[in-house]
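Structure provided below as structure tokens; questions to follow.
For clarity, chains are labelled A, B, C and D in written order, and residue numbers in each chain start from 1.
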């Protein structure tokens, strides 16, 4: 439900400054919180990999001037709700964590280019860590909807920091968890595991997000297996709407030329072959 | 009925609100109706293709931001073939903005992009990021006049001189631009600033120095607009920290004919149309029939009376 | 043990924190121990007796204030007979600040007040309120050099040149002051600003234009300190929006040897002693043995390494 | 009780940045609220006519940068409490009104020159309106303590906006209320009333605060009756501690020379003969 929006909508406006009522905003573990808010149709059109630019409230003299980008973690059109999974890192996210049910949040979006599963994909590999787990969750739903199998490898420092298992299993994904504390998350160990899985049933698409090391690994495997892949990148943002050019990252364009591209406008999801890590 | 229109020389705008160059792009059209604006001012372009400055490009304060973007530019051909046609669908006049490395190149570029659909050309002589430690054309009074004169020779379009606030006597720069033929003064661009990360002992921006914009700079640019208004006869477009209709009215009272809103578009994309609405309400409340009557209408002293005839 | 002392030329300060001229007075001694300060900088005095500007004298923003006070001055005799003796009870060095209408008068006043208990004299060539619309000595490079030279001829005390930020190329002014013999540069005074009351259509200040100070100006003055530090060899005292130890460290990393804290004293009179404590903790945390090693220690680029040898 | 104060105290420090726990903060009528806070010894040394400079909290992005001056309305050394009676007029006082019991307020003070009753005064006249009622209340207590009789004339627009009757009666004052709505508050009516009272039992000191019209009236009566009087002035303040010279008002000095003086340092209370109204 859109409580108030002063901006013209409908007729061709694909992005809105949605004033959303908060349903819940609870900690899911020591580091992450899940914010669920009511949303109108424009917001509910969000696709996997897109993000919202959230206006964080001012709390006790601390004013997060700019909005903060958050990947869409959950879209539930039936309930009319959207969800964000976020880590409290600085003043913006600290302010977010102060929001209570029935408060309002101004969530501008949906923004950016989401994941685009090539048609006919049958077996999807997803490898995520940290915030990446938030970004990949809706992709699993997208993939299983188009009847692809999904294997989601979740990585974290400790077992208690793993998230999204339930979310991904609900989406029909097979979930494999690896952690630093158990020694199962190093690139070499993971590479062996992934090659094994690929040997059993070859992946034809891979997506990764949330860690540079995982990105490097998945990119090299995509090249080796000769399959397409995508990754979502992060950058400090100003506008989130392609206007300020603050969020540029170096990318390799299709012709192999290195150039800055805007994470908020050209991304956040890029073909894995064009991304250069971060 | 309030008449919201204002004239910038020969150019008539439906209302006094427009974006600052570089603070809107095609993306804004996904969120608001650009025809609600007095004008559409486009990002500065350069004759060559540029990538802009190193990252990180933005640092944030309580009431301001420090951006160092440079002028990422796809060049004049991309501008003519892609950018201009995109805005062709709107009836709001389109203002181009140009920058270059030499006085002559300003003229050449202005001539090259003087397409029929362009209503005016703004000279960005003030971009703080192009030169080492921010020295720009706009900090040199002869270069300022030189750029405007070169552009006036090269094109029939109205030329707006966008001054840099990084000078001592802003009014002298406004006068130099007026004498060189400028049709309007835009006061002004971003103020050079810097941010240091104490814990990491390093600059926060890739470019070390950037442009400070947002509410925090309003008192400074407002003062400069007032000084320019007393020095020149051509219209002044105020710019700096304007976030709503009230800010815009303050600039007009201090001498501006129209205003540009910048950073606020990044945070509240609806800010410009909302400001238009607020100004209309303000005029109605104060019995002001024509928004242009607000220009310079502030009383000269705190104790004095507004220089405005109102109908109430 | 961190060595907090810094040297401004021949003058050794116990720590790098001092008030900005005009932002402390006797009243502060009722609240904090002034001996905790690196120096005590007094309000600017003039040769004549002055009442200062019209009221209202202050307007407030979210993160800054706009003051227009002028230089209410009881003259040099009151200064010598009343003000100086009051501060005689403290061991922190006392710095006087002078302003005048002519270059010669700067020299005459400096000579007149060169009492033994004065450790240095600051030249306030930048006071924005004395002249119509804020034009000041400090906006003219020859006048800047002239004032410093006149004072150096007139007194043996160290002379500090307090620059105005209302100029284009601040580094050029720092260089001119250095060449004229200044022992240190203070960068800098308040930035000229203005505030308009839209509803009442009048300026908020009695003087129309005032000096913008407080956190909001920090990025601008910090940039200027960095530019000055690259241009001169004499010590630079940073000033502008410093509210705590972290701000002070940022200025030092950017090139300042010491700092002055201004407006914050009005809101948090304990800010200066607290900043000294914070800086000590910062140095300890970073393995910095001498606070003076922080001066200019920032890396030149965002990606680079601090120019600092730490002991850890 | 002083919860936390980082500033050196005792040894000669007469002013402190008191962090005071709030006891209550309730509306007393449509326009005014009464804030009661715990205070330490320095704060409890406040005298009638002095003020505190209050740091107002930031609420929802609105940040009152400067402190706000408030007269001391009540000092209760036994309970260790101080009180302020304030009108919600702008962002600072709006923020004050958001404070709840157990919140902390940073109250710097006591500041300024309070009232000084000449010794031997027997019959005190007080005339106040609006905020002036707050400022005059502790003076009544001071006067009755030194065994003077006190007549307090309280003026307001409407009867429901009158305040301090109880406070003043508790202090032993005779209270007379006049209002605009009853037509008893005009200068002429009031002048007749005061002259009447003076004729019955001559006043030997007068104090006024809160209205320029009342100030003019009381000043002329003081001159006519040849008695001393004092008034408390208001001005926009910066520091509140005599450092910034923002709060100057034109005054007539003892030698009849007009000069600016600082309300926070030379006042807020001035001899009525030296004040020029506002």
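The criterion applied here is as follows: contacts are C-beta pairs under 8 Å (C-beta built on N, C-alpha and C of every residue); 3 or more make two chains touch, one makes a residue touch a chain.
These numbers come from a predicted model, not from an experiment.
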Can you give the whole-Å distance between the Cα centres of chain A and chain C? 49
Length of the line joining the C-alpha centres of chain B and chain C, rounded to whole Å: 33
Any idea how many Å lie between the Cα centroids of chain C and chain D? 36
Sequence positions of chain D contacting 2 or more other chains: 63
Give me the residues of chain B that touch two or more other chains. 56, 61-64
Which category does the touching pattern between chains fall into here: line, ring, star, complete, or other? ring
Which chain pairs here would you call touching? A-B, A-D, B-C, C-D
Per the touch rule above, chain D residues touching chain C in the complex are 6-8, 13-17, 55, 62-67, 108, 235-249, 259-260, 265
Please give the residue numbers of chain B that touch chain A in the complex, ascending. 22-28, 30-33, 51-52, 55-58, 60-65, 67, 69, 72, 214, 265-270, 273-274
Chain D residues within the chain A interface of the complex: 57-58, 60-61, 63
What residues on chain B touch chain C, complex-wise? 54, 56, 61-64, 66, 133, 135, 139, 166-169, 191-196, 198, 200-206, 208-209, 212, 215-220, 222-223, 226-227, 246, 249-250, 253-254, 282, 286, 297-304, 306, 308
